[in-house]
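Shared between the two complexes below is chain A, which has chain B as its partner in the first and chain C in the second.
And now, the complex of A and B:
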């Protein structure tokens, strides 16, 4: 949006209610109500659009916000709060806080539940809360004839809370005029959009999107999925607290019927219709649905009848389209989704710069030989010199069984500081399981994993990343709908410190941290040979570039040990050579320890200091590459008898 | 659906109330289970929460009513008419709702197979609105009386001469006697036939199934067909049992049935059947012993507790997240 368009928009928003008054349209009330739903949809967008958590009970938060306002500002007869009405300006913050708290309560089961099971839990809360509000209007507790509580009215029951107090500002007629309401909601809405867009572009916003794109990969990149998801629920809910309290005060009455499942569904439709994850899209979706609901259906009835009268078709003159309201609404949803499955605001998840060719496939960069000078200075500073030969990673007796299959059977493995250790073996030998256990994705049945002197067993993957172990995946696991730069920035997540208030208010320390993080990410991209691709979507990169991006993301976590799972799989010989050079460079210059799973024997035997061989979960051999190539059991189990004859080893079994 | 069960006699003893409510729970649960199967099969194969499914059930009730009217049935069926017309209406209703369900998939879901996951969810919601509106315009806003086509006999008194306050009728037998064969048939279909095997393979891994030569689109079509047929049967049973139908009943029944599918472990067919029964029992007992107005809250609270301790439902398989 250009500056001119921006100013025009602000002026239009400011002038609108006065134009409405002059023209006598009387639409300000309806527009203000629509803006409340827009705010709700934006709050839901944090949960659904950013964090990718399907929430089918968002109206529960709306209800809690409205009832927090209702009960504090106009206590229901019989409630303990009766007679102590609080000011609107206090209640609105209390409502947001209470909603956020409920967000944590509803979010808590997500610690264990994934995907659509989470959706049904939110749906459950969405059903429970209106039922509770209805029934708590008349509470009687009877214990054997003794009634400590009799017909206590906590929530107003089916009749709701009426009246709810209005805000007071000297000289502002909230009682009689819709215009102050319009401006109150406009201010709250504008501040919310401002806060949301800042959250989106922060460390936390990137963590949300990483969770949405691939929770496991995010966990293994240092993002704590538990706290990240809980924050999405709590912050998403807090905005509905504002919306709910303004709604209650504006209507001056609330009933439980206003917070049913249908409201949650309508809000979800607004978010998805416009384009989940895009603030502009959600506003568009909310506007469309509100306008369709309130204006189009009632007005078209008049229109169709007028056409009928004019053209003499009697069937049209008596038609009542409002009876078809839900049919056309449903049809609208179906048609929009069929025509634009990604939502009206397009596929771009974070509309940053160019809106146009954002989904174009990026041409492959020629593999550049990594240069020593290109190693980012900060990464070098973190590395520290080689001191001694003690093991960075020391694994002893690691055992893991899946059912009756021994994936790992008492495996010992040590990675000395600054060493490259190869891990080879036939498919299904337990190599990737070994990685998964070391990185915390799978708990071992038995065994010790010691990293730099402390045990890793029982730690979550993101905590292990924070201690200095980074990994890549056999089948590349990037965050496909995030930009290349953001992928690397997620890697830096665990080394950054900005908090929620920091993300919103951006004090100088946060600005400096963010600038430094971006510089570092660009340097890393340049180092792996992806300079200038910052804004491309990760999924549009060619295969070899994706592999290199994954390594850049792993390096961004500032690891001391790097686990690479078949880094050269699917690469052409030239790309393989470049990558081998890169790995060697990392070890030489940064004294980074590297554990490498690889099927390309030329690569493994060429750069590894020592090689361990797994077969059926058991380590059958360990030694220098030369020893391993002669080892009879390795030849039998993996390399094959023809191996020694083939000098290049290109045809090693995969 | 709440509140439509048979109210217990007021002079019942404690255990008679329990037995009566358990019978109520069983019949309710059987209907939930039939609907839940449709949810779970569709979810298992295309990972879509098919919001419109509850409304297919609701339309099943009205469609069966239309078939009865077309065949001239307005009162209780007896003798050979019962033995011929009732199965005929079952088949006709099931075919109609199956065709409807397939049409919904073709129009609203199939073009979105490769779209973001939320897109078909929204079209499902849209279709649900449309179906409800169609029923509203077709049958009007008031509840519709469903004729008493199935003979109702108080079994304990009239057949066994036991004077009990417990009210067990031939209609209860009808519900169980139709649900169980349908489920056995489904089980046979899924485990023994070529199409059933294709369904299970596609549910496990769509791409591999495709690579093995399974026509995935045809398999999805069959899934919607079978799910729609079961929802139609559930609608017919519901109508004959409770003798009433409302255009808005699909929403509540669908919600309970979907809950049942999740409780049992979504994607698992035996889980859906079990979940349906559990929800049926829970809601009947809660109506009796706590209060009907709290039943929805109680059902969902139990669901949440179950999911927290068994994140994949009662019979759902734990799938390790592979790196």
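And now, the complex of A and C:
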């Protein structure tokens, strides 16, 4: 948006209620209500759009916010806060805090589930809350003849709470005039949008999106999925707490009917219609649905009736389209999913190419030779950390069984500082399982894993990343719908410190940290040969570039040990050479220790200091590349007899 | 048997194929060689109807394929072992293989063919009840190839069959590719391992930025400067 458009928008928003009054339109109340729903949709967008957690019961938080206000600020329920001049301004914060707390409570049991299961659980909560509110209006607890609680009215039951206290500001007529309400809601809404957009562009926002894209990969990149998801639930809920408390105070009355399941669905419609993950999209979606609901349906009803009268069709003269609102919402949702699943203003997920350049083709991967000088200075400064030649990683007796299959059977393996250790073996020998156990994705049945002197057994993957172990995946696992730069920035997540208030208020320390993080990410991208591709979506990169981006993301976590799972798989000889050079450079210049699973024998035998061989979960050989190449069991189980001839043939023409 | 003539295909606005033409005769092994992003996988996807060509046409045994739905194309006798495997992760190895035979009219031929793939890949017999998703990467590759074979296709499309396999298995896979071919299956092979691919193939096409820049017999390609420098890694 240009500065001019911004100023015009602000002026229009400020002038609107007065224009309305002059013209006698009397729409300010309706517009204010619409803005409350917009705020709710924006809160839901944090959960659904950013963190990718499908929440079908979001209206429950709206109810919590409204009832928190009602409980604190209504004479019906006997609150001591009622009638005090300042109480509304206290209560909205309490309501937001209560909603956030309930977000945590509801979020906690859903942490282990995703997708369909999470949706079903939130659906349950969405049903529970209104029913509980209905039935808490008259609570009697009787134990034997003793009644500790008799006819307690906690929520007002079906009748709801009425009246609810209004805000007090000296000289502002909240009682009689809709305009102060409009401005109150406008200010809360504007502050919320401001806070949300800052959250989205922060360390936390990137973590949410990483979780949405690939939770396992995010965990292995240093993002704590538990706290990140809980924060999404809590922050999303806190915005609905504001919305609910303002709603209660503005309406002066709340009833359980206002928080039914349909409200959750309508809010979800707003988010999906506009485009999940886009603030502008959600605002657009909320506006369209509100206008449709309040204006289009009723006006069309008049129109249809007029047509019915004019044409003499009696069925049309009595029609009431507003009774069909859920029919139209449902239809709209179906159409959006079919025609534009990313929403009206959603991010485009298809590759975008220069439309004028008709000759644009999928670019071939250029072979950028990694240079020593391109190693970022900060990475060099972090290099090492463990002195001497002792093992950085020391694994003893590692055992893991899946059902009856011994995936790992008492495996020993040590990686000395600054060494490249090759891990080879037939397919299904347990190599990737070994990686998964070391990085914390799988708990071992037995054995010790010691990294730089401390045990790793029982730690979560993100805690292991924080200690200095990074990995790549056999089948590339980037965050496909995030930009190349953001992928690397997620890698830096565990080395950054900004918190939620820091992300919203951006003190100088956070601004400096963020700028440094971006510089580092760009340097890393330049180092691996991806300079200038910052803003491309990761999934639009060619295959070889995706492999290198995954390595850049791993390096961003500032590892001391790098686990590479078949990094050259699917690469042609030229790309393989480049990558081999890169790995050698990391070890030579940064003293990085590297554990390498690889099937390209030219690579493994060329750069490994020592090689371990797994077969059926058991280590069958360990030694220098030359020893391994001659080892009869390795030749039999893995290399095959053709290998030597092949290797000879490959080296001959050089 | 298979013919692509002047095929143009796009992903969004990106031109992935720019007038690509090639043909495969019955009984051949033909290989496509090219860098990542050159359009090899897109070619296979276009044959299967997963990508619609904007211009040009694809025909199989004289019948136009472009415009047909993918399941119809598979019923005509084309099966693929896709890059990245795409096996059914929550189904057992056996169920994966049985689904491969889904389109076959001859139910009696399925049991002998199961034996045939188990003879080719004994590892799969060991894991017959295991869920596809719990197999190791290399085992999934074997399963993907086997599943394609279970359709008993006239034309088999193989996308990077050697990816992620141990050296001994790479040899085995290529030996199996030759065996399958000798038993009467025509094969179109996309492979990064150009050396092995050219060793088993009869003919090959070199693809750069969405079009064919060179095609010849495999032996001649092996000797060409372009192939030796760019795709065989000789310096």
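Just a few scattered comments:
One rule holds in what follows: the second predicted complex is superposed on the first by the 596 of 654 C-alpha atoms of A that agree within 3 Å, B and C clash if a C-alpha of one lies under 4 Å from a C-alpha of the other, contacts with A are read in each partner's own complex, and residues count from 1 in each chain.
Following the convention adopted for this analysis, contacts are C-beta pairs under 8 Å (C-beta built on N, C-alpha and C of every residue); 3 or more make two chains touch, one makes a residue touch a chain.
Computed from a predicted model, the values in this text were never measured in an experiment.
When the shared chain is aligned, chain B comes close enough to touch A:325, but chain C does not. Residue contacts after overlaying the shared chain place A:432 against chain B and chain C alike. By the document's definition of touching, neither partner reaches A:173: not chain B, not chain C.
When the two structures are aligned on the shared chain, A:599 is found in touch with chain C, with no touch to chain B.
Of the two partner chains placed by the overlay, neither chain B nor chain C lies in contact with A:458. Of the two partner chains, neither chain B nor chain C is touched by A:507. Of the two partner chains placed by the overlay, only chain B lies in contact with A:337; chain C stays clear of it. By the touch criterion defined above, A:135 lies against chain B but remains apart from chain C after alignment on the C-alpha atoms of chain A. After overlaying the two complexes on the shared chain, residue contacts for A:272 are found with chain B alone; chain C is out of touch.
In the superposition on chain A, the residues of chain A contacted by chain B and by chain C overlap at 402, 432, 474. Within the complex formed with chain A, the residues of chain B that make contact are 43, 47, 49, 107-108, 111-112, 115-116, 118-123, 125-134, 136-137, 251, 255, 258-259, 262, 266, 291, 293-294, 296-297, 300-301, 303-304, 307-308, 311-313, 320-321, 323.
Contact residues on chain A toward chain B in their complex (touch as defined above): 48, 54, 109, 112-114, 116-117, 119-121, 123-125, 127-128, 131-132, 134-135, 216, 220, 261, 265, 268-269, 272-273, 276, 323-327, 329-334, 337-338, 341-342, 402, 432, 435-436, 439, 441-442, 473-474, 477, 565. Every residue of chain A that touches chain C in the complex is listed here, in rising order: 350-355, 358-365, 402, 405, 424-432, 474-475, 542-544, 566, 569-577, 599, 601, 637-640, 642-643, 646, 650, 653-654. On the chain C side of its complex with chain A, the touching residues are 11-16, 18, 35-39, 83-84, 123, 130, 134-139, 141-142, 160, 163-171, 192, 194-195, 208-210, 228, 230-235.
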